[in-house]
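For reference, the structures are reproduced in the following blocks.
You will see two complexes here that share chain A, one where it goes with chain B and one where it goes with chain C.
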Partner chain A sequence: MQSDTLLQVRGLAVEFQIGGQWTRVVNDAWLSLARGETLGLVGESGSGKSITSMAVLGLVSELGGRVASGSVRFDGEEVVGAKQGVLRRLRGQRIGMIFQQPRRSLNPAFTVGDHIAETIRRHSRVSRAEAWKRAVSLLDRVGIPRAAERASDYPHLFSGGMCQRVMIAMAISCEPKLLIADEPTTALDVTVQAKVLELLRELVRESGMAMLFISHDLTVVSEVTQRVAVMYAGQTVEVGTTRQIFSQPLHPYTKALLASIPGAGRQQRLKVIDGSIPPPTRMIPGCRFNPRCDCRLSDQCQSRPVELVEMPDERSVRCLRADLAVAS
Partner chain B sequence: MRKAIYYAAVAVLAVVVMLAILAPWVAPYDPNAQDLLGRLQPYSAEHWFGTDEYGRDQLSRLIFGARVSLLAAVEVVAVSFLIGVPAGVLAGFFPGLVDGALSRVSDALMSVPSLVLALTIVAVLGQGLVSAMFAVGIVFSPRFFRVARGSTYEVRQETFIEASFAIGCSWWRVAWRHVLPNAMSPLVVQMAVVLGAAITAEASLSFLGIGVQPPTASWGGMLASAYSNLFEAAYLIWAPGVAIAATVLAFTIIGDEARVVLGTRQPVGA
Partner chain C sequence: MTLLRVEGLTKSYVRRRNVFGQVIDRVEAVRDVSFSLGHGETLSIVGESGAGKSTVGRLILRLIEPDAGSVVLDGADIRAMSRATLRAHRCDMQMIFQDPFSSLDPRMDIGRSIEEPMLLHLGLSADERRARSLAVLKRVGLDESYARRLPSGLSGGQLQRVAIARALSLNPKIIVCDEPVAALDVSVRAQVLNLMSELQEEVGMSYLFISHDLSIVRAISDRVAVMSKGQIKEIGATEQIFAEPQNDYTIELVRAIPAMAFG
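This part shows the complex of A and B:
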């Protein structure tokens, strides 16, 4: 069981300096990901999804933040506090990452082939020519037509979807065990989005790598993931299989999220969650969702922090009233 | 109109560079050959720009002086670029302590009048063109520092920098391979401007007698000797004066055009 676990994030807290004060942006994040599994990480903007993924790569300090507590174990090794050399071997080689804005994630001064060849040459001793050859075959693999020619084109000649394919080629160039996809399709239009998702699913199936799929688009998440973790205000609030989360959500926030998915042909007004996510500079005591929750208890929910607790069927939830949901 | 001025500037510079390279072949006389009987001659068919106080041919000295000026300017740019750019990239890359320290040094350097600092450094390093220009290079390095720092800071925010960390690049590799190429265009503009300023600086130092040592010909030195004979042969001041002005102007115009053509770096994508 233990060796099946590829990634385990426990009680992670990350701080950034906001107005001179170290402020917790991620407070109590828990994730675990088995080999070959695709986990969806969902939540609103600012809920700490991306920061959590950066912590997995050990990139928090590069972004000017620090890990305050908690642990991130990847493939049996601790990432928090690991040496730079160890982290550099992790990044790109064992963990690949793709970003939200593909066109901004490519360096305009290099050809797309250079990008991929650089990643390969960072992590394995191969000649320039060999790296280029591999880059071309990777571009071909991710569905770029005339890959050999296009490898020497610059990113501005590519559309957003094509840039994302290039990013994917970069990310999988060293056959990583984990692919982190940080809102990979948010900046793309719907048809392109579907194609990129299909490509990702195909790659995951073929290579057996695990994928951490970060998104706020629940429809997309339901299509590609096996398990889902929901984050709210820097905390993991619910974890379960995709089926469990979508058919029987336990946390009121998850329920509210699901209720606010727009459906085609639906005539009634779209449900929204009243209020907004509290800013990290002004954290509320007690359950962080309580001001927006319609089943809060006036004292317990507002007085002390709520822990993430294990529930039957290998799921967990951070809610004192989860029993309500189970009963119904 | 702007283009026409630009082409004129390129033409002027091309002529100066060609003359400097081909000096031994195109100069009509040996620049150091004295003719004490033909001192301070006015313009003539034999001596287009006249002769100086030792009867040396002004045109030949002007042509050889171009070599000195251009080499000096290149040295200044090389020194200030090599000091300023790495420091600037470092400062832009690590805001906070590193940036604070380097910026204070740069501010201090900028607050000192450049020629005075150059004079001091020459006093320490000894006279001569190479050390004088090295000094000017140090004085000019904050110009590159500031530009490099600014554009590094800007490029640093881009997602592709995050992405290059995510593929396992070390910070210096990110700085060198990913930040610098994207921060280059304002630096190119700055180079042209500094080349012009360096020519003025060389002329000033040579005019004061701490740059090029006689008998080597230089524009500043020619200006100095013309100045000391101003009452007998005022016409001698024109050739070096116009040469300096035209070359500096040409560099400035080319720098300006480069700024327009390269533009501010447009981020790609949405």
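This part shows the complex of A and C:
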């Protein structure tokens, strides 16, 4: 493993019990993230992007699931099957995480300063006073005005955007090597979203931490990431640089997803992808996108699973007809 | 031609009372809102959460009572109507909500859910209701078998089609759509929006489209009203609002729309 690779997920399969049956929710997910890099993880609901990030934190069993196969290596250590002690040091200290619902992630009975100070004291031996001092400077860093005063306020006095800033302060309090941001701006208004994205970009640039940015919003992803992995029905279907993915997508699903974003101006019809995502309980054999695909081959695409293949230009794609896309 | 004219619509809520029950703090959710909507037109109301867009939608349908102002639909003043007259006019105004899961009764099959408004408003026979519910289901792209299924067996996109079918069954003149695609996946969103445009071309009803998603609004609306803090800040033709916003708030809003960095 190269030393500049921070995170590597290979052939990850995760199962959950659905109606008493162990069902694969994630099947063959692949990711790699270099130090200091920002990778976008894109997909629709049920595509497995959040579960993949939970596996990175070793949280699958806490959610009632199990890792069926594959490996997750973070900073040279295997996460799958790691002991609780190792995982505890991983979460919070080496990997920070922020979620979609910032208010729901904060305890209403504690001040925002307490939240951050406790996180700091949990992972490093410092006095209460020192932890509080650091909490205040972190709040200041994430752009909370009058941080020293506001640290003693309770979460209900903060707006959604401000709560997300508090979450970010907590997540970066132990100077993690990786920040996982799961739909961090989905619940925020557009003007607030723009400011939170700017803050994230700034923090990544200054601290040199890597970021795994999970989102269903392609435009937002195109603004903050260097590389993108697209997931569909539990599988990674395409990985490449943000430029490659957005200007020359190879997988038909990536293409369709990009085409369905409304462009500027009044339109008669938007481009659609017919059909819907297959549920994990009725997974189709062969390529999982084939029933919705324009360029499927009736026999090959439908009969056997398709592997994720590395292309000459260093991206990977899971499509038998990718050569077609390259040629065109 | 104007179908709906709204003038000086105002609604405030009590925030705090003192120990004697006297109101000491009020919040004005909607303040002096006026606009009109033409036949077959799509007008979008945009703004951030708490701007009062959904309240405007509900006030127009008189799901909540306004404090002041008038709502005139096709020459009839909605606010002056008695409960009985209002009920008779409900057919003309229908609503689609954001969350299709919670707007359908989980124990009622899809067919009955669609027939229910007809039962209340149209006085059709059971056979007529059934025929009509199957016809609207088919129109929104769901076959007959869906009529016997329960909401739990359908996806979000399919449920939103059912909600559209139910609104459609009464031949409304206007449908208020409150964030109808916000809960749907990107690839399903376009299907539902296209269905809505097709139906509008066929039937000619008007849409009042409430949304915070400016890229969708730009793609589907004839005109746009920008709301903030209970007031309409700017209203105009869609491209005019997006290309040459005049109001400071609109400028900030348009500037914050994420733009595709590549492609």
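Everything below uses one rule, namely that the second predicted complex is superposed on the first by the 325 of 328 C-alpha atoms of A that agree within 3 Å, B and C clash if a C-alpha of one lies under 4 Å from a C-alpha of the other, contacts with A are read in each partner's own complex, and residues count from 1 in each chain.
Here, contacts are C-beta pairs under 8 Å (C-beta built on N, C-alpha and C of every residue); 3 or more make two chains touch, one makes a residue touch a chain.
Only a predicted model underlies this, so the values are computations on that prediction, with no experimental measurement involved.
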When chain B and chain C are modelled together on chain A, clash or fit: fit
Taking the superposition on A as described, I'd like to know which of chain B and chain C A:260 touches: first, second, both or neither. second
Once the shared chain is lined up, is A:129 touching chain B (first), chain C (second), both, or neither of them? neither
So in the superposed three-chain picture, is A:101 touching just chain B, just chain C, both, or none of them (first/second/both/neither)? first
Angle at chain A between chain B and chain C: what is it in degrees to the nearest 10, using CA centres? 80
Least C-alpha distance (whole Å) that remains between chain C and chain B when both complexes are overlaid: 11
Footprint intersection on chain A (chain B / chain C) at 160
Could you pull out which chain B residues touch chain A in their complex? 158-160, 162-171, 177-178, 181-182, 267-270
Would you tell me which residues of chain C are touching chain A in their complex? 48-49, 155, 157-158, 185-191, 193-194, 197, 212, 214-216, 218-222, 238-239, 242, 252-253, 255-263
In the complex formed with chain C, which residues of chain A make contact? 44-45, 160, 189-194, 197, 216-220, 222-223, 242-243, 246-247, 256-258, 260-274, 276-277
Residue positions on chain A within touch of chain B in the complex are 57, 59, 62-63, 84, 88-93, 96-97, 99-110, 118-119, 122-123, 155-156, 160, 163, 167, 170, 187
